[in-house]
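Below, subunit A partners subunit B and then partners subunit C, in two separate complexes.
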Partner chain A sequence: MSRASARLGAPRLGANVMGLALLPSALFFALFFFLPIGLMAVMSFLTGNPVVMPNVVATTRHYERILDDPYYFEVMWTTVRIGLYTTVAALLLGYPLAHLMARVKSRSLHALLLMAVLMPMLTGIVVRTFAWMAILSDKGVANQILQALGFAPMQLMYNEFGIVLGLVHIYLPFMILTLTGVIGRIDERLEQAAQNLGASPLKAFCEVTLPLSVPGILAGSLLVFALAISAYVTPILMGGFQIMTLPILIYQQISANFNIGFAAALGMVLLVLSMVLVLAYNHILAAVSGQRDLA
Partner chain B sequence: MSARIEIVGVSKSYDGAARAVDDIHMTIEPGEFFSLLGPSGCGKTTTLRMIAGFEMPSEGIIRVGGQDITRVPAHKRDMGMVFQNYALFPHRTVRENVAFGLRMRKMPRAAIAKKVDEALAMVALTGFEDRMPGQLSGGQQQRVALARAIVIEPRVLLCDEPLGALDKKLRQSMQFELKQLQKTLGVTLVFVTHDQEEALAMSDRIAVLSRGKVEQVGTPTEIYDRPATRFVADFIGETNLFRGELVGTDGAPALRVDGHLTLALPAADGLSGAISVGLRPEKVRLTPGGAGAQAQGTVESANFQGGHVLYRIALAGNRHVLAQSPNDGSGAPLAAGTPVSLGWTPADLVILKD
Partner chain C sequence: MLSLKVGRFLYLAVNWAVLAFLLLPILIIFVFALNPTPYIEFPPVGVTLKWFDKFFASPQFMSALLLSLEVAALTTIAATVLGASAALGIARGNVPGSRLITAIMLSPLMLPAILTGLALFQTYVLMDVGRPLWGLVVGHCLVTVPYVVRTTLAVLHNFDLRLEEAARNLGASPQRTFFEVTLPLIKPGVIAGGIFAFIVSFDQFPVSLFLVSPGQETLPITLFNYLKYDLDGTIGAASVVSILLAALVVIGLDRTVGLRSYVKL
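Right, the complex of A and B next:
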C-alpha cells in the first residue's frame, strides 16, 4: 500500500470510527430524551392516555386550566425562586472555594479540598436530606442548641429556607467543579500584570479573573439552576408538602389524580420556563461580560 | 524619572528548602540596561519577581530611588513589567490593554486616549487599537506588552525573557528596537534572559547568576574577555578550560596541565596550588605544520560557520582544544588529520576562580 493512499484512507476511517462511536449516544438520546419529550408534548394535548382509553381527542384544556388558575403561577414562581436562591447561594459559597482550589500550589492541599468537595456526593440525596431534617426540625439539633443558649426556637424547615439549604448542599459540588476548571485555565500572571499596572489585588481580580471566569459562572449556574428547579426529593422532604413546586405538583397529578395529560402540560411548562430563563441568563451575562463595555 | 535599584543581601528560600536566591548584592544605575543572565533555575526570574513585588525576599532589602520598597505591595511600586508570555488581557482590546495602567491611575479619559495613541505609535502599532490580543502575531503582542508597560512612564522597566518566544529574525530586530526605546525613554531596565548573545548585544552591564549566587557583574566586554569564574567562562560563549598545578617562578609562572602540556601564564600575584584558566577559541592561532608555538595537534574536525571556521584540535594526551579562525576567503578549511601548531600569548589566558 502506497503512502499516499494510506494518508487518504486514514481520515475516512477515522471519521467512520467516530461516527460509529457516536451511534450509541445518538440512540440513547433519541430513545430516552427526544422520544419521551415528544410523547409528553403529544400527551399534553390529549384528553387522556391513548394506551388505556380508546376514544381520546385533542384538546388544549390542560393549558387553559394552567392559565386560568393563579395557583399554578404561584407554584411556577415558587419553583423558579427556589432555583434562583439555590443558584445564587451556591455561586457565592462556591466561587471563593473554587478560586482557592484552582490557585492552591500544594498538591496535597488540592487533593484534600477536592475530596472534601466530592465526599458529600458519595452519600445518597435521601440520606443527606434526612440528616438535614434531624438537624433542622422543630425539635432538632439546631433548635435545641438555640434553646439551650436562651433563644426562641426558629422554624428552619418546612419552608423555602430549608429547601434551599438542602438543595445548596447537594448541588454545590457541581458549581465548584465547573468553576474550578474554568478558573484554573486563567493565567495567574494576568492578575500579576494588572497589579503591576497599579491595580490592588481585589481590583485585579475584578478586572481580570472575574470577567474571564464568566463562562464558568454561566455553566455552573445553569447546571445548578436546572437541577434545582427539577429537584423533587429535597423539596418534598424539606418542604413537607408545605411548599409546592412544579415537580411535586407533577408527581401528585400522576400518582394521586392519574391526570397524565395535565401532568404532561405542567412538564412542558417547566421545560419551556427553564429554557426561556436559560436563554435570558445567557444573554444577560454575555452582554455584561461583552468584554468591551467594561472598560 | 528613572531610578537606581539597590539590592542588598537579598535571599529567597521556599519552605525552608535550598535558597533559590542566595545573598545577592547589586546596584543598578539610573537609566542603565541591566541584564540578569544565567541558566534556568539560577534565580534570575525570582530576583526580578522580588523587584516587581510578586515575591517577598526571605532576607535583605530592595531599594528603588533610595526608598526601601521591600514590603511595598506590587501595585504601589510604579514599575512597568513585560512578562514572558506577555500576559495581555485576552478579553480586552489593544487600546484597553495599554490604557489599563492609566485607568488604574484615575487619569482623565482624554489624557488616556492621547497617551495610548503615543505609546502605540512608539511601538509602531497605530491602527491596531481595536484588535483583540488573540488576533495579533507574537511580535505584535510583544509590542502591545511593551506599550502597556511604558505608557505609565515607570521609574523602572522589568522584562522577563520578553523576546524568548519570537523567531530569530524578529528577535534580532526587537533587540535593536527595545534598546533604542530604552535609550530614548532613559528608563532603568532590568532584563532577564538565559540567552547570552542577547545579553551581550543589549546590555550596559550584565550580572551572571548561577545557583542563586552572583558569579560576576560587569560590562559585556568585561564578562566576555575577563570572566571571573569557571562558570562564567564556560557559560558565556565557547571556551577552552584547563586545570593544573602552578609551576615555574613568580616572574614567569606556568601551569602544568599534564605531562604533555604546560602553559605559560601572565604574570600575576598571589597564585598558588591548583588553578583553572580559560582560553577563547578565537585567541588560538592555527598554523599548518608541526613545529613551534605553544602546542601541537592535529585537526579532528572543522565546523564551517560562514564567517568563521570552528576547529576541534586533538592534542597529545587525549585532550581537545577548540580554535576559531576567521574565514578570510582563502579556500576550504583545513582537512581533518592536518598537523597544526597552536599559538597564543600568555595574556590571552584568563585565570578563573572555581
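Right, the complex of A and C next:
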C-alpha cells in the first residue's frame, strides 16, 4: 500500500520539486525588478526622498512640470523625431537584406549573412558609436575622402544626422532579424504564381510579398522605434552634448540636479511609451505566427 | 529582359551596400587601432602597436577591464543558476500560468535598460546602500537572466521526455534521473545562455550608467568617458581588445562544448 502510493506520488512530487526551482528567480525578480519599478512610480509622485527627509508629501508637480514647460515638450519631440528617422532608415536599409536572407537557397550563404548581421550586435554600443565618430568627425574618414576628392569638408556629426546614422547602424540588425522571420513565412510560390501569370518580378513583389510582409514591417518598426527613443550613448556622443533627448535628460536630472522625483516622472513617461510599443510588437508577432498556415 | 537584369543587379548592389554599412565601421576600428597618427589618417599611413601598449599601460583602462571581467564572470554564474532553474521550473514544474511566468522572466529585455538602471539606483538610494559591486551585478543579472531562460527553455522544449521516463522505468530515482539525464541534456542550452550573459554583461552600458561608483567604472563606461574628450588610437585599441575578448569567449566555448549543433541563433 505505502509502496504503491509512493510510486504513484513520486512523479507529482518530482514535478513539485521542479516547481520550487522557480523560487529563487521569482524572488530575485520581485525584489530587484518589480519592486524598484514600483518604487520609481511612487517616487514620481513624491516631493523628495522619504527616507532622509521628514516632510515628504504626495504631489503631481513633477508631471505638471513636464506638461507646462515647453522645453520638455521640445525634448520629447526631438526624441520621437530621431526615433522616427531611425525607424524609416532602418526599414529602407533592412528590408532588402531581410528579403535576401529569407529567400537565399544556400545554407552556408545564409549562415554567412546571419553572421554579418550578428557580428555588429556582439560589438558594444560604445565601441560602435566610437566607430561612427571616427568616420563622421570633422577630421574623420568621410571628410578626408571628401577632401581628397576635392570637395569641401562637411559637418556630419554633432547634429541629428550623425545621431540617426549611428542609431540606424546599432538597431538595423533588430529590424533585419524581425523582417527575415516574417518574410521567411511567406510562401515563395505565391510570388512565382504571380510571375507565371505574367506579372513582372517587381510587380509580383509589390502586389504579393510586400503586402504579406506588412506585419513584419510594423513589428520591426515598433521594435527599432522603442530601442531608438531609449538610447543614451549614441545621441549624447554623436550629438556632441548639443542635442537633448529624453534618456539624456533623465540622466542629467540624476547626475547634475539629483532630482530623483523628476527623474522618476520622466522615467515613467519613457516606461509607459515603451510598454505600449512593446505590447503592440508582441501582439503583431503573435498574430503572424498564429496565421502561419494561411500565408 | 534588360529590365530584369537591371533589377537583379540593383537588388544585389543594394544588399552589398547594406552589408558594407553593417561591417565597414567595425573594420574602421581595427584600422584606427593600428594607425600611427593620433588622428585617423585615411588611407592609413602605417602599422603600429603603440596604442595597445598605451592601453595596457594605463592603470585606468586596466582596472576598468579587470572590473568588467569580474562583473561579467559573477553575472554569468548568477544568471546561469537563476535562469536555468527558472527554465526547469517553467518546463517541468507543472505550475499554473507558465506562459505568464515566462513573459515575466523575459520582461527586462522589453523595457529600456536605462530605466532598469534608474529604478535600481533609486532603490539603492532609498535603502541607503551606496553603489556596491553586488548592486551592479544584480543590474546585469536582470538583463542577462532572460537569455539563459530563453536558451534553456528552447532545449527543454525540444528534448524527448521519454528519455526521462525510460530512466525512471529502469529504476532511477527522480534525483538520479535529474542529474544523469536531464542536466546533461540541457547543458548546451545553459552554456549558450551563459555565453550570451557574459557578452551582454561585458558590453553593458545603460544598466551600468547609474550603478557604477565614480572612480570604479566598467570598461564601456570608461571608454564612454574617454570618448567625451579624446579620440585617439588608445580608444581604438581598447575597442579591439573588447571585440576580441567577446569573440574569444564565443569561439573558445564553441571549440570546447561544440555549440554549433545545438544553438540556433
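Simple rule for what comes next: the second predicted complex is superposed on the first by the 232 of 295 C-alpha atoms of A that agree within 3 Å, B and C clash if a C-alpha of one lies under 4 Å from a C-alpha of the other, contacts with A are read in each partner's own complex, and residues count from 1 in each chain.
One rule holds for everything that comes next: a residue touches a chain if its C-beta (ideal position, glycine included) is under 8 Å from a C-beta of that chain, and two chains touch if they have at least 3 such contacts.
Since we're looking at a predicted model, the values are computed, not measured.
With both complexes superposed, C is the one of subunit B and subunit C in contact with more subunit A residues. After overlaying the two complexes on the shared chain, residue contacts for A:D187 are found with subunit B alone; subunit C is out of touch. When the shared chain is aligned, subunit C comes close enough to touch A:V126, but subunit B does not. Touch criterion met: A:M18 reaches subunit C, while subunit B stays clear of it.
Residue contacts after overlaying the shared chain place A:L212 against subunit B, while subunit C stays out of touching range.
In the superposed model, A:P201 lies in contact with both subunit B and subunit C.
Put simply, subunit A uses residues 200-201 to touch subunit B in one complex and subunit C in the other. Note for the complex: subunit A touches subunit B at residues 187, 189-190, 192-201, 203-204, 207-208, 211-212, 289, 291-292, 295. Contact residues of subunit C toward subunit A in the complex are 3-4, 7, 11, 14-15, 18-19, 21-23, 25-26, 28-29, 32, 39-42, 81-83, 85-86, 88-90, 92-95, 101, 104-105, 107-108, 110-116, 118-123, 125-126, 128, 138, 141-142, 145, 149, 168, 174, 199, 202-203, 205-206, 209-210, 220, 223-224, 227-228, 231, 235-236, 239, 242-243, 246-247, 250, 265. Residues of subunit A that touch subunit C in their complex: 10-26, 28-29, 32-33, 35-37, 39-40, 43, 49-52, 93-94, 96-97, 100, 113-114, 116-120, 122-135, 137, 139-141, 144-145, 169, 172-173, 200-202, 226, 230, 232-233, 237, 241, 247, 250-251, 254, 260, 263-264, 267, 270-271, 274-275, 278. Across the interface of their complex, subunit A is touched by residues 52-54, 73-81, 83-85, 87-93, 96, 99-101, 103-105, 148, 152 of subunit B.
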